[in-house]
Structures are given as C-alpha cells and as structure tokens.
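Below, subunit A partners subunit B and then partners subunit C, in two separate complexes.
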Partner chain A sequence: MTDSSHSRRVHLEGARKEALATSRSRLVVTSVLFAVAFAVISGRLVELAVFEDPQARATATASRTVVQSKSRADILDRNGILLATSVPTASVYANPRHLLDARDAARRIVTVFPEVNEERLFRRLNSERTFVWIRRNITPNQQFAINALGLPGIYFRRTERRVYPHGSLTSHVVGTTDIDAKGLTGIERSFDGPLQESEQALALSLDVRVQSVVRRALNTAIEKFSAVGGAGIVVDVTNGEVLALVSLPDFEPHFGGDVTAEARFNRVTKGVYEMGSTFKLFTTAMALDTRTIGLNGGFDATKPLRVARFVINDYHAKKRWLSVPEILVHSSNIGAAKMGVAVGTKTQQAYLHALGLTRKARLELPEIGVPLIPSPWRKISTMTISYGHGIAVSPLQMANGVAALVNGGILRDATLALSAPGAVPAGVQVIKTGTSIKMRRLMRLVVRRGTGKNAEVEGYLVGGKTGTADKPGPGGYAASRRVISSFVGAFPIDRPRYVVLAMLDEPKGTAETFGYATGGWVAAPVVREIVAALGPMMGMAPSTETERLPRPGDPLHIAAGKPSQTAGNQRVRGQSVRGPSRATH
Partner chain B sequence: MRRTTLITLLSVGVMTVALFYVGHEVTTLEEELELLNKTIVSDQEAIRVLRAEWSHLNETDRLRELAEKYLALEPVRPAQITSVPIPAAPTEEVR
Partner chain C sequence: MTALPRTDISIFGRWWWTVDRWTLSALVAVSAIGIVLTMAASPAVAARLDLDAFHFIRRQFLFIPLSFAILIGVSLLNPAGVRRLAVLGFIISVIGLGLTLFIGQEIRGAARWISLPGFSLQPSEFVKPCFAVVAAWMFSQWRIKGDIPGHAVATALYALVAGLLLLQPDVGMTILISVVWGVQFFLAGLPMLLVLGIGILFIAGGIGAYFNFAHVQTRVDRFFDPAGGEAYQVARSLEAVVAGGIFGRGPGEGEVKSILPDAHADFIFAVAAEEFGLITGLLIVALFAFIVLRGFALVMRDTDLFVQLAVAGLLVQFGLQALINMASTINLMPTKGMTLPFISYGGSSMAAMALGMGMVLALTRERPRANDLSRFTGRGAP
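Moving on to the complex of A and B:
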C-alpha cells in the first residue's frame, strides 16, 4: 500500500509537473505577447506625447475651424469706403417632383410674390424637371412667408447679391454684375477674374467725396442749362490716378436691366467728342516745343482764313495781329489754324499721337471709346484740328493729355487702381519741361484775362482753357446749333496737382449767361466749384502770393482791350468753323 | 491570483468609465465647435450686411443733407486753411 501509494504519488507528481511545465510555457508565451503589445502601445504613447509630429498637430488643429463662405471680393474707394460688396441672401426654388399639387403650390406662392405670374409659374412647376428657380434674392420676410406656407418640394438656397451702397454715385466706374455675380460693366467686368478668385478687396483710386462734389456740380449745371448730359473727371497729374469720374445721366446699379442706354453710356471714357478750343493748348504746346514759334511770336488774325471752299472765322474777331498768348486768351481760331500749319501736319500727328489723343485710351474699364481721326489727314484737317474740330477724343484722353502738358511734360496712363503710396509710375516725356512751364503760365493767363474767368477760385491758382464745339447734327453743324461746352483746368497752376475737366452736352444759354452756352459760361463755373471744394478737402494750403499781371513788354502781356476785360469777354465763343469740320468727318 | 483579477476588473471598470466620459466629452465639444463655426459664419455674414449698411448710411448726399439740417457747419473754404509754424518741442538742454 505504501508502495502503491508512493508510486501513485510519484506518478501524480509527474503528471502535475508536466501540466505545470505546459502551463508555464503557455503563460510565458502569452506574457511575452502581451509584453510586446504593451511595449508597442507604450512606445506609440511616448512617441505621441513626447515627440512632436507637425503633421499630426496640423491634422488636429486645422480640421473644421471656420469655414467662411467664399464670396465675390469687395470694391473700395481710396479711403476704404465700401463701393461694392456681396451680401448673403436666400433664393427659393422648387423640385417639381416633390410637389404634391403644382396648381395649389403656384397659387399660394403667388400670394408671397405678387409680381410672379401664376400661370407661368404653374407651367414651370408642372414639369418633369428637378430644379426650378422661383425667385432669386428674396427678403427675410418673404423667406419666412414661404416657410409658413409649409409646401413640400420648396427649398431655399443660399445665394449672394451684389450691393452698391453708394448707388448711382459710382455706377459708371464700379459697373454692374449679372444675376450670377459675373462682371458685366465697369470695374466689375475688367477685374472680374481677381474679384471672383481672391477675397482681397480691390481698392480704387476714386475718392467718393470728390466724386460727390463733381457729380453735384455737374448736375446743378445740367439742370441750370438744360443740358442732355455731362462729364467730369479729376486726375492726379503726378501719378495718373483718377479721383473722380462722373458721367451724367447715370443709373442706379441695382435696377439691372431697366436702365436706358443713354444712362449706361459713359461719356467720359466711351464718348468721343470734338472738344473745340481746348485743343488749342496742344497746338500751342507743340508750336512752343518744336520752337516753331516763341511766346513773342504771333500770327495775323485780321482776315478770316479761306481754304478751298471753307472759311475759318473768329467768333469775336480781334481783326489784328495776335501774339501766341493772345491767340489762347482770345481763343482765336485763325491764329490757332495758322499755328497748326506752321507746325506742320507730320509734327502735329506725332505730337497728338505722343499725347495719346489718336489712339484708344488705356484705363481699367471695358468702356473705352476709339478716337475719330481724319483720314486722309489733309492740310485743312491740320487747320481744324488745331482748334479742336475734325478730331473727336474722349474727355478722358483730353484730361490725360492736359495733365502731361502741365506736369512737366510726362504722359502717364490714367489709372483707376490705387497705387502704393509714393509709387510713381514711369511715364513718357512728351514735351520739354520748359514748354510745360510756359503752358502753365499761358493757362493761368486764360483764366485771369481770357475766356476762363469764371473758373477763378479765391485762394487757388487755376489755369485752364475753355472749349465750345458745335455738335454735328442731321443738317450738319450749322443747322444743329447744339454745342459741347467744356473747360479743362489744372491747379494749383504754379505746381499742378490735379487736372479737372467738366463738359456739358448740349447746354442751352440762360438769361443769366446772356443766352450763351459756351465753355466759359457753363463749364468753367463747374470747375470752379470743384476746385473750391477739392482744395480744402485735400488739405491744400491756399496760395498766398500776390500775382502780378504781366507788364507791357512781357510776352504774356495782354493788351487791355474791348471785350476781353469785361464779362462780355466770356462771349468769346469756342468758335467753330462750319465747313471744314463737316468736311473732315 | 484573486487580487490580480480584482485589480484587472477594477481597472477595466475605471477605464470603461473614463473612455465613455472622454468620448462623451469629445462629442459635446464637437457639437459646440460646429455651433461656434455656424455662429462665426452667420456673424461674418451679418458683418458684411452691416458694413454695406454703414457705407450706405454714409452716402455723401445723405450726409450733406443731414449736416445741413442739424449742424451749423459748412464745407471748409480755401481761406480757412493756413499753415501755422509749430514751435519746436523743448529739448532736455533747454530745461
């Protein structure tokens, strides 16, 4: 028994031992596996917690932080005033397949939108399509009302609406977009790509304050003289920036299609006009620049100029020899024509081309007019162009050309984009600096002693030139009796900063102007008003110098004479030639 | 042996509770984040509308009318602008 029990025990011990060994080895394998797993997890934990993984950090933080809805970029003026922006609106559409009763739906929707035609809406809702616009850009109240109808199959979509807080004030510059927010006109069109792609607001060189002053002054003049339209532009001569660009009549940009073509037409950039006597500035500049004639020189304006079957006349003829300054001051067509001939056709063409008057102007607007130039350019063309007939340019080209005459002779393309402070775009020297200085003195003289007296502003020295051109009509120039009256001025003329141009289309004289509708009577006061507001606005110190009149012996001396001293002098008309202008058209 | 089991069970319990708690927290935070993002977007849109309205209220013609109605002020005339020499600031030595 002992034996057996002993042996059994041994046996037992043997079996137990075996089982223990097996379980131990299993345990070891399992623990090793677990140890390895835990080691991997710990390692990963250490890696995550201790070592920085930039990618992981980026993933952790970048996810779903703000998602601003992308919208068309804003347009600002030079001081950051909002001119165009996009505001979110709701638009309502229907999925006709989800509609229970198209007839009932149409009837109920019309109660919210009375302007929608019920029958037409029903036909569209009764289709097999899955998407039908009901109304774009609805008001929150309308959205609430539609929701309250509780119609299935009617949904809203978040859309955007372009808003122009300043309305018609900048309509010709900023332009318009279509219902899908694509640029149609103006800056909206020319910068369509950048405005759609970038969120960065677009800053223009325009200044709404100046724009407002110009628009108001022009509007007053248009009403006073019953003109059909007007144009005004203010250009910084030092860098070509356009501070104001007004074409009247203008339009409310929110009205979309319901705007007349007349109101849409940009008279400053798209319209080309025979500008009349303001062109004499260019004629004089090229004559002085080529040394064809000096300030002392002059031409005989005793008799009307006869060329072929045409007669060039002075409106208020002096009937004597006129010096170069006198030709400008009295705005003599005969003198200017003779000066043009003396300069020569080739040279005239070269200068007008250099001044950007014979090619399309460059400006960031799609609405740019092509100037009308005579072809062939005969001697008679040279003569009429010398006083601004027989060539049609836009007021923009005119202002830009005059800017080059007064700023030291450098032509820079006008621009609507705000340039970086201090940045001066390269320009082309088109006349000598000396000629430019002479032109300033001559332009000042026109305002002091000549046809531009109404542009005189107390405090600022304004220089400029009037222009009155006959407008060709169905019966030719003579029959139409309609004029384009303009004044182009620069100030302060001793150190020009701004060129201001005002133009009125078909003004009619009033009793106050003794029936005259010439540039000196109707456009010069507009420029005066603009300068008087613009100067203080820009913080420009008024001129303190006392100006002396040129004495006899000075080439700039203007002989005291009959009408040229009195208000009657203003009647010196922009003068026109009937025949030749017609001939060159 | 019993003790190990107990500890294991206990830690499993603690971890489960902790995991549930963290998971819940994450869900709550995500909801909050979404809400905040929505608020931000709607605020941004409201800002756009308000900026447009502000610009509209600052329309030059409107401001002129209001100024003429309520203010005894008028635009600056050229003659009102002058330059005044500013005396140099006193330096240390002068003091």
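Moving on to the complex of A and C:
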C-alpha cells in the first residue's frame, strides 16, 4: 500500500467518524422532536376524550342538525300575522336499482296517484338511476297507501311545503320558493339565507289589513275601468316602512309554475312608467327650494309653448298668467315646463337624483326596476320631465320621493323590514323643511280646489296630485290612446304620516266619469277609499276643525272663483310633446 | 415463532434471526388494527357510494397480503440491494410522476393517479421511500468521500420531485419530501447557519403554498378561524373523538363513518377513537411512536452513514405521515389529505409504505460489521 493511499484512507476514516458523530447527535435531536410530537398527539387525545364534555359537543351537533333539518323560517306581517310558513310533508321516491319489477311497481303506484302517467313513470323507474322522485309533498293518506303497497325500493323523504295563508294577497311582496324550498322571488328570495338559517320568524313592515284594503280598492277600480293592471303602495313617511304594496294582477303563490309573466310582474317596484303630472310636485318643490320662484310668482300660460318642432299645450288652457299654486291646481304643462326651464337642467338633475328618482330604488325585493332617464338630457327633456314625461320611474320611487316632499324634506329608503319601535332610520335632507310645508299646502289645495277632488275624505285632510300619462305603444303615444292614471296622496296633510299611491294601467273611462280615465277620475277615488279605511284602522281621530280656504291675498288663493270644473281634466295626451324627444323608452 | 433454530442458515432462517422482530411485530399489530378499522368504517362509506358493503374490505384484504409480501421481500435485501432497488424505483416513479401530468386520472382537482388495467397507481406514494434512500446514498457519499458533490445531486433530485409534485398539485407530499430531504441534510452535517436558512426557506415555502394554492388557503384559514366556518370534516371528527370517550361507543356503534366521505381513509383515526375509544387511540399513537423511535435507536449504533441516513429518512417520512394524519383529525393542524400508514384504506399507499418499511427492516438487520472489520485490517496493514 502506498503512502498516499494510506493517508487518504486515514483521512476518509476521520471524515467517516466525524460524520457519524454529527449524525448521531443530530439523530438524537430528531428523535426527541418526534417523541414530543407523539406525546402532544396523545395529550390532545386525552384532552378530547376525557376532559371535553360530550354533552356540550352533542348538543352542538344536535342543534346543528336541527338547523339543517329545520324548516324554513316563517314570515310575519308587522302585527305577527302569518304570511308564509312551512309545513312538513313526506315525498316519495324510488331507487330503481332496488325495485324488483318496475312494471309492477309503476302499475301499483298509479293506483295511489291517478294523476301520474303510468307509462312515463315506468320509463323512469326502469332506469339505471338510483334516485327518482315519484311525487313531492304527498298527504299522510297517500303515504299510508304507498306504504301499504309494500314495494321494495320505494322510499320517503321528509320534505316541507311552503304555505302562504293569505294566498295572492301578499304574493308580490312575500314571493315564492321553488320545490326545494329555496327562495325564488320577493322576500323569500332576498332573505333566502336568513330564512333558511335562522329559526326566528322574519317580521315585515307590511300590514295585511292595509294590504287588503289597498288590494280591494284597487281591484274594484280595475274592474270598473277595465284596466289591465294596477299598483298601490302605502308608505309611512316617518320611517320609510311600507305598509302595503299591491301589484295587480297578482297570482296564487301555491300554483308554482302555472302563473303568467304578467301576473308575476311587480308593477310597484319592477315596472317603470312615465308618471305624468304627479311629477309637477317635484318641479314645484325644486323651484321653491332654490327660490327660483315664490308662491306669489307664476308663469304665462297664454299660448302653447313651442320648442323647436315640439308644442307643449294645456288641455283646459286657462290662456292667462298662472301663479305657482294655479299651475299645480290646474295641472298646467306650460307652467310646469317654464318652471323647469327656470330651475335649469343641472338643478333639475340634482334634485331628481337627491329624491332617488334617477337611480334604482333600494327595497328588500329582488324585483326592482331601473328608471329610464333621457340621455342626453336636453332642454326639451327638462321641459317634459317637469310634467312627468321623458322619464320613467317606478311607483315605489314616486311614493318615496313624495314622502320626502311632505315629511319635512328627508328622504329615507323605503323598507319592508320592520324596524324596532321608536327607531327612525337616518335620512338625507333633500329639500328644506319650509319647502316641505309649502308643498303640503299646495297638495292640499289640489285636492280641495283642483284635479284631486275625488280624493277628499271626510275627517281626514288629504293632499295629493293627479297624474295621467300617455302610454307609449305601437305608433307612438298619441296612436295608442292608452294611459297610466295615478294619484299620489299624503295624509293627514297638516302632519303627514302616510303616502298613498294608486296607479291604474290603461283604465277606460265610463259613463259615470263622463268618459274620462284620468288620475283624478279613476285613481283619486282609490286613494280616498284607502285613506277612509286606513285612518280609523291606525287609530287616527278624524279632525273636526273646519278648514278655511285661503283668502284673497294669500298666495294660495285661487283667483278664479270656480274650481276646476271637472276633476282631473288635465289630460296630457296629445298636448305635451310629440316627436323623438319622448322616445326615451 | 421460535421454531427456527439459530443455527438455521437458510435465507429465511437467517432473516428471522437478523431482522428486528420488534419493529416487525409492531407493523403486524398496526395492520391488524387497520383490518378491524377498515371493517368498521368502510361499509358505511361503501353504502354511500352505492357500492357493495364489502367492496373496500375485499380490496383491502387483497392489499394487505400483497403489502406484507413486499415488506418481507424487500427486507430480505442487503444494504446494497436496497440501494439498487431504490435507484430503480426512484427512476420508475419519477417517470410515473411525469406521466401523471399527461395521462393522469384527475380525482378531486388533482391528477395523481395513473390508470392501469384493474387498478390505479399513485406514483407519488412510491417516490417517497425511494427518494429517501437515494438521497441518503448521495449525502453519505458527499460526507465521506468529499470529492463527490452528493449533496448537490440530492438537492437537485429533491427539486425535481418537488416540482413534479407541485404540478399535480400535491402539496402534502411535497411537504413530506421536503422534510425528508431537510432532515437528511441536517443529519449529514449541514452547517448550523444553513440549517437556519433552510428552516426559513421552509416557512417561506409554506407561505408561498398558502398564497398560490386556493385549497391550501381555505384549509389554513379554516384552521386558524374556526368560527368562520370550521372545516366540516374536522368538526365532525372532533365530535367523534369526544363522543368516543375512554372506552369508545363500541364496535360498529360509531356515527362519524356515515358522515365523512373519507372515513375509511384520511379520517380513519376518528373512527378508531369513536368506536374503540381513547385506549385504542393511544395504542395506535404508541405503536407508531415505537416504530419510529426504535428505528432511530437502532441506527444510532450503526456505523454506516448511508444506513443511518436512509433509515432516518424513511422513518421520518413514515412517522411524519402518521403524525400529520392524526394531528389533522384532532384539529392540531390544518387538514392535509394524508393516509395513516398501514391503517387507512388504499392500495398504493399501503404498498408504498410496505416498500419503505421493508427497506427499514432490511437496513436495520444485524449484519457483520464490515466497516469494523476493515478498520481492523486497516490498522494492521502497514
């Protein structure tokens, strides 16, 4: 062996020993770490198995399983009246793989469910699937009968069925669920999570009594005036709570799929309409609020207003200078348009935005319509919008905006959730309190002296505004001869509590109304009926004071001794704007 | 058992007297527990999958003899044989890993399996023991014969395997491989400064996994924020352990197996604790601890660095997998899809574990101290 190889061996030997020494000591460290880890596992096991209370864990599990198998929470109205509840039912299904004879099974099952097609059932049972629904939500008798058949492979599953004790009365608000009890529309959809998870019933701001009054009044009017539909809403102006929300036609929520799209459509929240003259309230409010004009001021409505190719006209033209109160009372388009121009486009946009009319309304329903606003917003748009054309909003937005006009100028989002007693949600001051007080007086005047006379209720001071707007159709506005007639009222107007809006879609005049289908003739009486019932219902004492008419010298004094001869005779159709500027739809 | 006389010099006779019978017995005990637990847990799982109640049991009864054949077959090898087997196995399983990327069967978002006629193979299971041995070989070469850059080779191989595993993606296996590599490097004499550095690297890797793999993130989030949606499976398995108490609900009385989809695999420890109680739970922990610590103790005396590193690597992999599985069942760490060695249902996992533990048995067999002899001859040579 050479010297070098020897030294290399010695070197290697040294390296090996050194390496082994390091490795051994480090292996001890590793072993200790592993031993500690195993000890921790053991300790944790002892902790769990010996020191944890199985009862606590078990109850946790139990309550969790209860939540899972628990039925969907109830929905109540503001007085605790049941609007929606869940009833446990059984549903029968088959595991075709467990069936002995699909043909025989199908034949015997249809003896219990005569409505089931035997051939189709057989085809489904004669498959390789492991789960086939036979019938959902069966009665106890049917379940007994199926059990008595003694068929292997036929099983039951605990299911639940959603029941709406008030049926169609609250169909658009409460909404519907699908067959698996998942929210599809309305509150059922927007509160789907809480309803599934929470055991606590969900209380709405809705009052079924008011709802019922509104629906009945609206239904009567629809039948009387052969309207295609209607919308009604009652909002508490002090906190934004919706007491009634009715869209007609409505539907029977238990019928599931057999409902027309027309009936499902929520006209109050999803539908957007050119509301017509009710918009003059907003125009007047912004003119007063910006001090563009005072109550003493006015505009010349002697001749039709010509703008480019368009002509703005009044139906019963006074052909004279009209004061601001007169413009509202006589519902003058010319006056409103001039007022709008005086306010200016920018200011108009700002106010309408502040009043929530140019954005989607916020309400706890999935069916919310987007308002249609002109783009570009020209001068002619400003003019037509001043009397409610060229902008389409939902009745909900309208009612909510008017609530802000009369409640001291504070806009609050409308809500269907019942707020805690005394709790008033914060709002946004959109007009001055003084302007709001002036608006109350003006709205009262419209009912006393103007187009809204049919909304007068003995004992309750109602203020409001009528609106009649042409509905665009094939061939334009004029050709369709169809109108949207509405009335938006607030009462008691000296200290407003509720805003009530009624709207009829395509009403036709009758002999009784001298052929008129205007807001004053068809919608104002609906509001009257609602207020007459709502006042006593809410415990409001009728006022016995005699109300004095504004005297001469008061800006609210209406010069022409006689009030508007026919309530609601200010038809907008044909007198407003013709031509492309209306094509905002 | 002791029918074999010590003078028997047949292959099996020699094996019996040289193999570590304690470790072997512990492995048999673990597998026996595994059989009982598979019978307890898997019918409920099979029923939910609409399979025959004995589906998993029948298959497991096929896997176990097969695995023991592998275990004993491999343990007959000498260290050089183990090394050759590992190199071969490593090459094949790395190719397999590569193939999963292209022809892998995707199950629950990860392509980890290769379909073969009659069964599926998970190459990542087999790469673990083979890598541990190959890396041990490389590290020992580097340490003893300074002229071979074995540590670099081992690290490169580690990077290759880890990269392939992350592509599947299989974060759990990557963690295992990383720890095996780290521990072996540590044992092989990594300077302490670098030990710190690699420690930091591991933490960085963990954080990287958290931000790069959505499923890792949700699991970790759920672990640290139980209120924000405590992982359903872990919540159930915790309840099972608590419900089991000291003596358990009794065989077949458990409920967790009918709730958890992985009751026969990743969550079998919960079934054990629920039906057979704390006593069985502790017994399982003790058996795993015994196997790992006894293995460490055995190689502590060994004079062959390769054997020491290889056994340490294999046992770290085995022990860590058991620890991770049990720890996630009792919510000591985020859930990590990992089987409990020799107990969970699964062919690939059991065969690969048998391969690894067979190597451990082979390397810890008593053998003539070749090195000692050479030392003696070396001393007498000049």
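What we mean here is this: the second predicted complex is superposed on the first by the 492 of 585 C-alpha atoms of A that agree within 3 Å, B and C clash if a C-alpha of one lies under 4 Å from a C-alpha of the other, contacts with A are read in each partner's own complex, and residues count from 1 in each chain.
Criterion: a residue touches a chain if its C-beta (ideal position, glycine included) is under 8 Å from a C-beta of that chain, and two chains touch if they have at least 3 such contacts.
Because the structure is predicted, anything quoted here is derived from the model rather than measured.
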Touching partner for A:L20 - first (subunit B), second (subunit C), both, neither: second
Which superposed partner A:S31 touches (first subunit B, second subunit C, both, neither): second
Subunit B versus subunit C as contact partner of A:M540, first or second or both or neither: first
Which of subunit B and subunit C A:G186 touches, first, second, both or neither: neither
First, second, both or neither for A:L82, with subunit B first and subunit C second: first
Partner chain in contact with A:L45 - subunit B first, subunit C second, else both or neither: second
Touching partner for A:G167 - first (subunit B), second (subunit C), both, neither: first
Partner chain in contact with A:A532 - subunit B first, subunit C second, else both or neither: first
Residues on subunit C engaged by subunit A in the complex (per definition of touch): 50, 140, 143-146, 183, 186-189, 238-239, 241-246, 273, 277-278, 281-282, 285-286, 288-289, 292-293, 296-297, 299-300, 303, 305, 308-309, 312, 316, 319, 323, 326-327, 330, 332, 371, 375, 378, 381-382
Parts of subunit A lying in touch with subunit B, wherever the complex brings them together: 64-69, 71, 81-83, 85-88, 163, 165-167, 169, 208-209, 211-212, 216, 457-460, 532-533, 535-537, 539-542
Interface residues, subunit A side, partner subunit C - complex: 1, 6, 9, 12-13, 15-16, 19-20, 22-24, 26-28, 30-31, 34-35, 37-38, 40-42, 44-46, 48-50, 52-54, 57-58, 60-61, 97, 130
Subunit A-touching residues of subunit B, taken from the complex the two chains share: 33-34, 37, 40-41, 44-45, 48-49, 51-56, 58-61, 64, 75-83
